[in-house]
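Listed below are the structures to be examined.
Two complexes follow with chain A in common, the first pairing it with chain B and the second with chain C.
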Partner chain A sequence: MKGEWILDKNHLSYWLRQLRKDRQLIGPLRDEGRDIVFRTVENIHEIVLDCPASLPSPKEFLFPQYEPMLRLNSNPSSPPLRKGVRAVEDLTDKNRRVIFGVRSCDISTLGLLDKFYLGKYRDPYYEQRRKNTLFISVVCNNPEPTCFCIGLATGPYLEKGFDIQLTDLGDRYFLQTGSAEGARTVRSMAFLFRRPTKLDYEDQYEVFLSSKAGFQKRIGLEGVRQMILSGRVKDDFWQWVAGRCFECGGCVYECPLCTCFTVTDRVYPDGIERVRLWDTCLFKGFTRMAGGVIPNEKMVLRTKRWYYHKLIHYPETLGDFGCVGCGRCTITCPGKIDMATIATKIKGLALNGDGE
Partner chain B sequence: MKKVLTVCPYCGCGCGLYIHVEDGKITGVSPSRSHPVNRGSLCVKGWNAHEFVSHPDRLKYPMIRQDGRLKKATWAEAINLVAARLEDIKGKYGPDSIGILSSAKCTNEENYLMMKFARAVLGTNNIDHCARLCHSSTVGGLASAFGSGAMTNSISEIADARVIFVIGSNTTEQHPMIAMHMLEAVDRGATLIVADPRRTKIAELSRIHLRHRSGTDVALLMGIMNVILNEGLVDIGFVRRRTENCDSFEEALRRYSPEIVEGITGVKANDIRRAARIYAMEKRSMLFYAMGITQHITGVDNVKACANLIMLTGHIGLPMSGINPLRGQNNVQGACDMGALPNVYTGYQAVTDPKARRKFERAWRRRLPEKSGLTLMEMMDMAYEGSLRAMYITGENPLISDPDLNHEREAMERLEFLVVQDIFINETSEYADVLLPAASYAEKDGTFTNTERRVQLLRKAIQPIGESRPDWEIISELSSAMGYKMSYRGTYEIMEEIALLTPSYAGILQHRLNEGFGLQWPCPDIDHPGTPYLHRKKFARGLGTFITVDFVPPDEPPDEAYPFLLTTGRMYFRYHTGTMCGRTSVLEREEPECFVEINPADAEKLGIKDRSMVRVGSRRGFIDLRAYVTQRTPEGIVFIPFHFKNAAANVITNPATDPDAKIPEYKVCAVKVEPLSRPQKTERPPLIDLETLRIT
Partner chain C sequence: MNSNLIARQAKNNIYLPFNGRIEEIIPLAPDVGLFRVRVESQLTYSPGQFFMVSVWGAGEVPISVASLPDEGGVLDLCIRKAGMVTTAIHSLQTGQSIGLRGPYGNGFPLEASKGRDIVVVAGGIGIAPLRPLIHWLIRNPDKAGQVTLLYGSRSPEDMVFRDEIEKWREGGINVVLTVDKGNEKWNGHIGLVTGLWHEVRTDFKKAAAYICGPEIMIKAAMRDLFFLGMPDNRIITTLEAHMKCGVGKCGHCYAGPKYICTDGPVFSYEEIKKHAIL
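Then we have the complex of A and B:
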């Protein structure tokens, strides 16, 4: 499964073209508005690799914003499944995709997403997409000012968890495979790759070092967790946070690890389509009970819950923080109460306020 | 998967967003990171701007009323019927018996064609749109003071301002992306002053919150200016060089000492002094206002008072310093610019000006009517009286958004012929004789102009749903069927015609908008980079004019029978009449039912418990809804959002209008509040309106 190879940059487009033959090739491209977005690649030469974080995260390919799940057909001419049961059409996504140019932080979410979606309750929609998606990630040589994966060991390069990881060595890529699918993909076109030499390893190490030096933010979340658990983060702090929350849901929508969704039925004259949509725990309607009671009606409880979920409950239930330091909430939050800011503020409380 | 950069269809911020398309279907949206307005953020409505597009309720084919029922028809049948009936009514009763409501949700190109259709094809100036109900006071008020009525600055300047004075705008909820820039300014040390009777979120973020009584804005602003005058904070150089009529204005100002103003507004004299000093002494002071200023019988006076304030302090004509009306609809600025108003052509060229009229007559090769047409509210009154026989309503839902709905319904009922062109069946289409299905924002090209005058490209992401068609195609075809040929290959050709006839849009052509994020008018020629802020060195009309205004109490102040002052407004998760957000599951879920906010002191006096049902009634009608007991609303005032059809606030609002702008006084009317003894069953509006599915 694990393998290390060298890919000459001149061979990249040929390789991608081959991969595209039986998969949709998705990659980071520059759009009309100068933004970088992940979309289907028409012209491989237009791929922009050294790019700022894409909005939204590549979770949209595993768990799309709007996903049809199934259709109930009330058309009498369609054959019933069983007696008295109307035809149900499964709308699980069948597309095979290769997503090129993903960042390490996003790859490191996959383990946790799998635990959530493929744990006790298996989510067939996610499972199908996960199975059909191959990720080719790229080690970040130039982290953005918003990035802080380095403090969480979720980047800029990964030891495991990836399908295929590329490190840019200038004229060639250092390629590592980390999954069976990744290894198979490389092996099926072995003639494109060669084994790395000592020089390649040296260059790779140099890139790692320079990349690490590029980080402006160094935020670890363990200290923040301890602060919260020790009860030193008081409610007036969360009140301040809530006062700045715009309730846009952007942090949840952008977060590569957030998994909230809602399910709704669309009624057509000839049937019903069940769809699921991104939702967020920050909205009060998210927890409305049948009787109309909303346990977390106060804004402060909802913003606080989001941080508690990421910093306390995630480590308890899934074994790691619910944050990979991708910095997308820093980019998108209109109230500037993103994870990096809040973590820094909470650490500041330790220094300024009470003791330590 | 494809991602198409386009413009958000909700509010006037004009955020850039990508529509995600997979196999010809929309799968989501995401914000543009480099867009100067939203910079990678979106509000909750923007984030959910994808769901309604493919909602099953979409109107998919034209419908014609036969034997009282709306029945499916072909495009040819519908167009021919509309053409024949409009010709017929025009022939019988004259062109002015027809009224057109254009739409602030449609593109500039569509609004232009709509007004061309009204004027050149039908021969009437009876064209108006919802700007009448939101910022007609601004268009009029600022035009008379400066010669041009639009936001003077750019949104991207806000973060560098030193003072932000917000009056009558719930910015965090209604223009969230503008509030984001304000919050950034506050973080950088700017002072935020908010004048609003309610303690809104933006008010909670402010340094000074002036809670004046609704409808006393003129008095409050005069009080502030009185302090500025008496404490020698007037920018004398600016007043001398750039303005006129200041002397007579100063005379009027002397009557409004802070103490007198405190009596009228309920705001402490010292708070008025503090606010006045901070606003006047800092440079880089920006003033923002919205419906709290405009929707009064004194709407134009309120706007003029704001204009006087910024001229007195010289806070205009520079970056980060000016007067900024926040426009509500995504293209309400554009619809006004395009002349979808009864008195002007594109770029505010008056229909009564023979020179302008001749220009348009020559371009359109038709004689054009000389008299100004009817405003929206006048059309409704004329329809009620019977002199307006037919209406053509595009992308608007007056039967929720207009005041005094019972009267409006009757007016619609009395029309001989009503065409409704929309993307959904709505309350207004229940009265329609012909329904024409329009394409949504995701299914057409064109341009929108946002509140900071930025003309941006709307790009088509998917094919129109069902048989729906872009409004500009429908109007072109209808016009051709009525004997006036309109043949445009695309919206870019229409834009070219607009540029030709409109000095402020002369350099705005679609191919220029393709790169970057649009151009801000005025843009007088093809090489012009656009204008980020207005009135530099010189006002549009030359010298700015101080117009003396005086405090006039609201039309219907509270009295013994109706002791509360009702003010209406919007809320964050909803948008206007709910045509779009009501079909978006997350948005619809958040606030599923209407409520009235009432102060705890008042609630206790009346024996109203939090979340209990109450009846709110005025002289025009009543609605039953839930009471939210909250400090957000001060004593003596109740607040109701106007979005809901099962408790439509506009059943009780007052249709009294501003004498000049004809804008109704949505913000003040007298009501009484009674607890309902028995809990009434509240109908939760179903997500899918079953009624609409039955019409086939």
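Then we have the complex of A and C:
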């Protein structure tokens, strides 16, 4: 039997309360600065669903901005720090979470992130968090002007890859389960749900169609990739991009698919923690070597690398673009050199001939 | 006992270092020391690979293996004091422990140069990753033809492994030394390693090369060898990059479409040109 159900909206709050019993409930909330952020939900009515994309993306629950990895405890009764060996504590996060209100584009990143983190070398921090996190995503009925998932098949509605997907039908949700954990979660509270009727399917289809019609941007990236591969995007174009970059790193921090980090040791009176923090290839010091040589010192090498990584290298090595069309870089970038703008410009090069 | 426990845990956490015990520290040059580290004798690694070497409180840095694994459970690391972490390593003493993760990286394609004459080109501390390769070539004379080592450094004092060079010669290696600036006692060449090709008596078209040193030297040597007729897939080098993880996750070492840490650090000139890595 297909994992399709109907959840009455009146039951949503009860359902989330039940889920919260053995998991931390995370959802999109409005913070003091009016931004939408994913945080622990205290009051369920504060969850905001029909809102612009969260800044930053919920990737921070799989790959947090600041993550202690290992800890060497130095309690006073044990032998001095450097001599001999003392147990190192593995600080892998073991919390169980349910993240509610995630968008389809962010769910679409999981396939690529899994391939990236759980390839030949398995990243234990990501793996634990991923295993312990249940995602409940909501189909976007009103795409934002910045959204272009539709051109990349990463939203607004997903066929697979989600745990639980909800479509808002006004007074009720059309609910689909897409993973074993999702199905188990729904079945364990089966009394809350009923099977969809013909009318529910019709409503769902109608909502789906009107959502699809609501996109202002329809940008695919394959044509852009082909343009770059054919050598038609010349260095002066990348120079122009670099000239507009403020090196703020905003795009990288908001991007659900940027994964670079740095590692540093924090020394405390009672021990040493090895922590990792988000870092970005757009910063000049990112490739600095001892002696001061910086291979990617020129800005143009860094902006170009950012685009090449997402448009050329990810498809080559992991089989997917490093972009899901969430539009966060469009919202964030003060230089207006976000993915949508650059993709459109590169396509423009094709129309206008090779020159600019 | 504790170190066993950690070695076991390390299987589940790629970031968790295990401990090696420093048995001996041999000064090789100003700021360069050979750290001989006792590790479990089952630990295997091959020339061209590296370990993430760490001191708690300072951090981790990539360091090439400078020995072959079957040299009695001792891992040699030849480390130049270059900055924060390497200075912390240099402040360690015999008997203390040092953190290790690895081995990582692809290593030299030893089988690819089988039966061929070999030119080894080293600049400065770039000799470190080439040392186990030299040991391997001495031990397996049937695997290669004539081997020439061209080794250049800034001054005679900066030349590391000076005491071993005689042994390498006895092992059948034609060693040619050069320095930028000599002293009264120096009777070798003066000038760049790339000025020594005439010392190599081989048909470059049929030979293979292994190169390591500063980036400008690597670039010049690769280009020269290519023009001397050596096919670019047999011009092999090992590259440096800023590294934070060693396992293809942190992004720091990413060059062209490749991660130096997992796709390298050993690359052929062919790959370097194809992927625009250098």
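To be clear about the criterion, the second predicted complex is superposed on the first by the 338 of 356 C-alpha atoms of A that agree within 3 Å, B and C clash if a C-alpha of one lies under 4 Å from a C-alpha of the other, contacts with A are read in each partner's own complex, and residues count from 1 in each chain.
The rule is simple: a contact is a pair of C-beta atoms (placed from the backbone, for glycine too) under 8 Å apart; a residue touches a chain by one contact, two chains touch by 3 or more.
Computed from a predicted structure; not experimentally measured.
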Chain C versus chain B on the shared chain A, clash or fit after superposition: fit
Partner chain(s) touched by A:Leu199 [first = chain B, second = chain C, both, neither]: neither
First (chain B), second (chain C), both or neither touched by A:Thr264: both
Chain B versus chain C as contact partner of A:Arg244, first or second or both or neither: first
First (chain B), second (chain C), both or neither touched by A:Leu72: second
Touching partner for A:Val293 - first (chain B), second (chain C), both, neither: second
Superposition-derived angle with apex at the Cα centre of chain A and sides reaching chain B and chain C, degrees in steps of 10: 80
Chain B versus chain C as contact partner of A:Val48, first or second or both or neither: neither
Contacts of A:Val88 with chain B and chain C, given as first, second, both or neither: second
Which of chain B and chain C A:Phe283 touches, first, second, both or neither: first
Minimal inter-chain CA distance - chain C and chain B, angstrom: 6
Residues on chain A lying within both footprints (that of chain B and that of chain C): 262, 264, 267, 279, 288
Chain C residues touching chain A - in the complex, by the definition given at the top: 2-3, 5-6, 9, 12-17, 19, 56-60, 82-83, 86, 92, 95-97, 215, 240-242, 244-245, 247-252, 254-255, 257, 262
Residues of chain B defined as touching chain A within the complex: 1-3, 5, 16, 18, 20, 22, 26-35, 40-44, 46-48, 50-51, 55-56, 172, 176-177, 179-180, 183-184, 187, 201, 204-205, 514-517, 572-573, 585-586, 589-592, 687-688, 693, 696
Touching residues on chain A, where the partner in the complex is chain B: 24, 26, 31-40, 52, 55-56, 60-61, 64-67, 243-244, 246-250, 253, 262, 264, 266-269, 277-279, 283-285, 288, 331-336
Parts of chain A lying in touch with chain C, wherever the complex brings them together: 69-70, 72, 81-88, 90, 92, 116-117, 119-125, 259-265, 267, 272, 274, 276, 279, 281, 286-291, 293, 295, 305, 308-309, 312-313, 316-317
